[in-house]
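Consider the two complexes below, in which subunit A is the common component and subunit B and subunit C are the respective partners.
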Partner chain A sequence: MDIFLQQVINGLTLGSVYAIVALGYTMVYGIIQLINFAHGEVVMIGAMVAFTVITVLAGGGMPPLVVVLIGTACAVPVCVLVGYSMERLAYRPLRRAPRLAPLITAIGVSIILQHLAMLVWSRNVLAFPQIIRTEIYELAGAAITNVQIAILAICMLMMLGLALLVYRTRLGTAMRATAQNPQVAGLMGVDINRVIAATFVIGAALGAVAGVMVGTYYGVAQYTMGSLLGLKAFSAAVLGGIGNIPGAMVGGLLLGVVEALGAGYIGDFTDLCKVAGVSDWLTERCAADPHFILFGSNYQDVFAFVVLILVLVLRPSGLLGERVGERA
Partner chain B sequence: MNRTPPVAVWAAVVLIAIVLILLPFALSQVGTTWVRIANFAMLYVLLALGLNIVVGFAGLLDLGYIAFYAVGAYAYALLASPHFGLHLPFWVILPVGAGIAALFGILLGAPTLKLRGDYLAIVTLGFGEIVRIFLNNLSRPLNITNGPQGIARIDPLRLGGLDFSTYETYAGVLVSGPMKYYWFLLLVAVAIIVLNVRLQNSRIGRAWEAIREDEIAARAMGINTRNVKLLAFAMGATFGGVAGGMFSAIQGFVSPESFVLVESIMVISMVVLGGMGNIWGVVLGAVLLSFVPEILRWTVEPVQHALFGRALVEPEVIRMLIFGLALVLVMLFRPAGLLPSAVRKRELAERAE
Partner chain C sequence: MLLEVKGLEVRYGGIRAVKGIDLAVDTGELVCLIGANGAGKSSTLRAICGLNPARAGSVRYAGLDVASVPVYELPRKGLVMVPEGRGIFPQLTVEENLAMGAFACADADVPRDIERQYGTFPRLKERRTQTAGTLSGGEQQMLAIARALMARPKLLLLDEPSMGLAPLLVAKIFEIVREIAAQGVTILLVEQNARLALEIAGRGYVMESGAITLADEAANLLADPKVREAYLGEGAG
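The block that comes next holds the complex of A and B.
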């Protein structure tokens, strides 16, 4: 089996989910320059709602695909409601406040959502019922499952849909105008409050679908799952250039692939026994134990951040981010 | 401006000092736990003041500040525990730990000088996570940090003949270990507050403020923005490192779990909630956010018992819910923090016009 291709496939699957979540961060940031820390929790709630629905319907004899679709159909409105209410209650009143104030309310909202979810769904790791039978296809020496194909296809469709929405519709034009200059957009007759609310709603809906996909892909959900996922997705958004929609997509995919390749290869690269000849001590050590791995795959989570830091050091406003002029 | 403070102010200062010095006696009546909680509150004051230099003074949003706390804590733990068999005295470890933390501060600051605002925020956040993941995994192949198990049996603080871990009786008054730590931390906190006040009004403090308000203009005025920003990172990191060393000594045990992202977020919440850039606001924020969750911890369950006859909901959940709600509400009603800095007040007043 081709390990490289395999890791790329796994990476793209995970990366496309990162991209979808990253879009939620980047759209909100692009329009009101707020890091919506609670977006990861929205994704978590999406996964949780789908978990409940799928568990209830799993034994009902309905086709698995329909069950998952109903689960998603229930998760989306719940997340949309959560997304809309947090904008309305926690962020809108602070639009003219110092910049860090909404960041703190976002943290507060995140804590509240996490613990509400813990009340509802307990603190245990919840296992999704395995209703979709995994089928494995071979692709140039690597394996790809039907779930992976579905995730990739859905993510691509959603990104395409979002791109059409942002670049081809009136709402999209209004969103881009608001992102450029809210005051002037307002003078041109754009209802800014509505546009910002719409941004949150779209982001939350995407997040809900991403939550369902993560839940069904890994088969587990927990009330804390939003934090790390949100963190990675936010990194992806920054990697691509925060506020930039194509950037979030590229950043997400890139991050997923880098993470998968990193986890797959770092053990080999840092195995000192490959160069056992350089010292006697090492030769002895390797005779007893054929591997002397400095950094194993438990460093997987480091890659996302190392790549992020490297990219930002070389390109301070992300891969596709606009070069902001030297202005305070 | 430089009037001698009137007698009333001095009287208030003396009164507050007496209250603070006698506080552990009152707290230990309730339970030694509360003296410990006060000690942690003091550690958070140190941390929040350190972060305030970076975020409040220089305007550089740092979401990975806890990494420096971790570096300080592990420096102390490795140099004064059976893990490596080293038992260096406090006065040796203090400068070493502070120095290592400062080095990490520069290590983080140097590559990120060009980054602005939220890009800086995410890089610092990533840096914090990287440090934690390394602490968690540097147990194989060579055991440096002992991984997730952490390092135990760290030496308590010893200054001269004074051992901070034991009970003693002075003139019939029982003085416990945590109480000794309390007074030591109080002393350190006062010293650092004085240092911060002096720093804010110094040439460097004004340079930081200039950079925060407008970096280009600051550079045009002849401020060496690179060095001044690095200094902010290094100084903030040093305070974090010192607090970390104290944490190790008090706790006697460190593990990567104490340095998760939530802790960074906690410290930044203290700074912003209290009033970024205002030293007294930051102190207030740190004290409030350390005590409120603890008070909730001890009251939520009895209140539930009184109202419903049993604990309906886990106290921990309610505690966190109230905490989250408090963060949101305080920000909604006081967006510049509980005690806003003078500059913020001015800005808000201008915008309201």
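The block that comes next holds the complex of A and C.
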């Protein structure tokens, strides 16, 4: 089996989900320069709502695909409502406040949503019903499942749809104009409050679908799952250049691949038995057990943040980000 | 009167930038508001289109109290401003900028209007797919004016269209403003370049530290010794 290709496939699957979540961060940042830390929680709520709906319907004899679709169809409006409400109730009143105020509010909203979810869905790790039977296909020596194919395809379609919306429609042009100069956009007749609300709503809808995919892929859901996923997606957005929509897509995919390759190879690279000759103790230790791995694949989660730190040090504006100059 | 400003007062913190001014523009007029840097001209203009809240006084446009209308509704009613510093969208293409100008009039035939602007500004046509941030200062100003015209304004507010431009371009911009006025668009022009502004305007107001000190026919202002000394750079003798 081709380990490298296998990790790339796994990485692209996860990375496309990161990309979808990262879009929610980057669109909101682009338009109001707010890092919406509560976005990860929106994804979590999407997963949780889908979990409930799918669990209820699972035994009902409906085709599994239909059940998952109904689950998604319920998760999206709930997340849209959550996304709209947080903008309307928490962020809009702070539109003119110093930037630290909405940022701290975002952390507060995140904590509130997380604990509301805990009250509704308990603190336990929930087993996401695996009703779609996994089928494994072979692809050039690596394995790819039907779930992975579906996740990749859905993510690509959503990214394409979003790109069309942002770059080809009136609303999209208004969004980009508002991001660049809200005051002048207002003078042109754009109701910027509606455009900003639309940005939150679109991001939340994407996040809902991402939540369902993460739940289905990992087979588990928990009220805390949004934090780590959110932070990774945020890292992906920073990697691509925060505020930049193609950047979030590229950053997400890249981060997924880096993470998968890192997790796949870190064990090999930190196997001390490869340098067994340096000390007698090590030689003995390796004679008994041919592997002495310092960092295993459980260090997977570290890579996203190593990438985040490297980007912030080496190229703070991100891969596709431009240096943000004075507003015109 | 298309635009009627009465007792308008604008404050920033404790500073009175505009100290209760009266001003009026009738349909079809080209009126200029001249004055030195910091006299309160831009503040006045921004208050007229609701960007700065008026502390006191009223702004009535076409019989409508501007304070009671959200900013984004004003272009739908024909009140359009070209802001100071042009305010183009730098990462949108020239054509997208123009399309944004027509955002308020959804019923308009946008492609045809864009072609009309290209007729007036051939340079913009050459650069239609370029992002606006790559244009030169003069081209950006033309784009800002063309974009405003896309909204089919009844009253066009121009804030320092000559700012930062080479003399040759300044003359060209003023020529364009004159043409727009000749096509029947009412214009309120704010300018530091008093001579050129008064030459194309019918009437003018002179503003000084937040108050209007003179208001007359443009020709009379051009001949006024005080104006000549203070704004046209001529000695009293």
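The rule we apply is simple: the second predicted complex is superposed on the first by the 322 of 328 C-alpha atoms of A that agree within 3 Å, B and C clash if a C-alpha of one lies under 4 Å from a C-alpha of the other, contacts with A are read in each partner's own complex, and residues count from 1 in each chain.
The rule is simple: a contact is a pair of C-beta atoms (placed from the backbone, for glycine too) under 8 Å apart; a residue touches a chain by one contact, two chains touch by 3 or more.
As the structure is a computational prediction, the values presented were derived from the model and not from experiment.
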Legend entry - Which partner reaches more residues of subunit A (counting touched residues only), subunit B or subunit C: B
Inset, instruction - In the overlay, answer first, second, both or neither for which of subunit B and subunit C A:176 touches. - result: second
Inset, instruction - Considering only touches as defined above, state whether A:112 meets subunit B (first), subunit C (second), both or neither. - result: first
Legend entry - Which of subunit B and subunit C A:161 touches, first, second, both or neither: neither
Inset, instruction - Using the superposition on chain A described above, determine whether A:184 touches subunit B (first), subunit C (second), both, or neither. - result: second
Inset, instruction - Name the contact category of A:77: first (subunit B only), second (subunit C only), both, or neither. - result: neither
Inset, instruction - Please work out whether A:313 is in contact with subunit B alone, subunit C alone, both, or neither, and reply first, second, both or neither. - result: first
Inset, instruction - Please work out whether A:192 is in contact with subunit B alone, subunit C alone, both, or neither, and reply first, second, both or neither. - result: second
Legend entry - Doubly contacted residues of subunit A, that is, touched by subunit B and again by subunit C: 328
Legend entry - subunit B - residues contacting subunit A, complex: 55, 61, 111-112, 114-116, 118-119, 121-123, 125-127, 129-130, 133-134, 136-137, 140-141, 213-217, 261, 265, 268-269, 272-273, 276, 313, 317, 320-321, 323-328, 331-332, 335-336, 344, 347-348, 351
Legend entry - Touch list for subunit A against partner subunit B, complex: 29, 33, 35, 89-90, 93-94, 96-98, 100-105, 107-112, 114-116, 118-119, 227, 231, 234-235, 238, 242, 292-296, 298-299, 301-302, 304-306, 308-309, 312-313, 316-318, 324, 326-328
Inset, instruction - In the complex, go through subunit C and note every residue touching subunit A. - result: 49, 51, 70-76, 80-81, 83, 85-92, 96, 99-101, 103-105, 133, 147, 151
Inset, instruction - Within their complex, state which residues of subunit A touch subunit C. - result: 170, 173-174, 176-177, 180-181, 183-192, 328
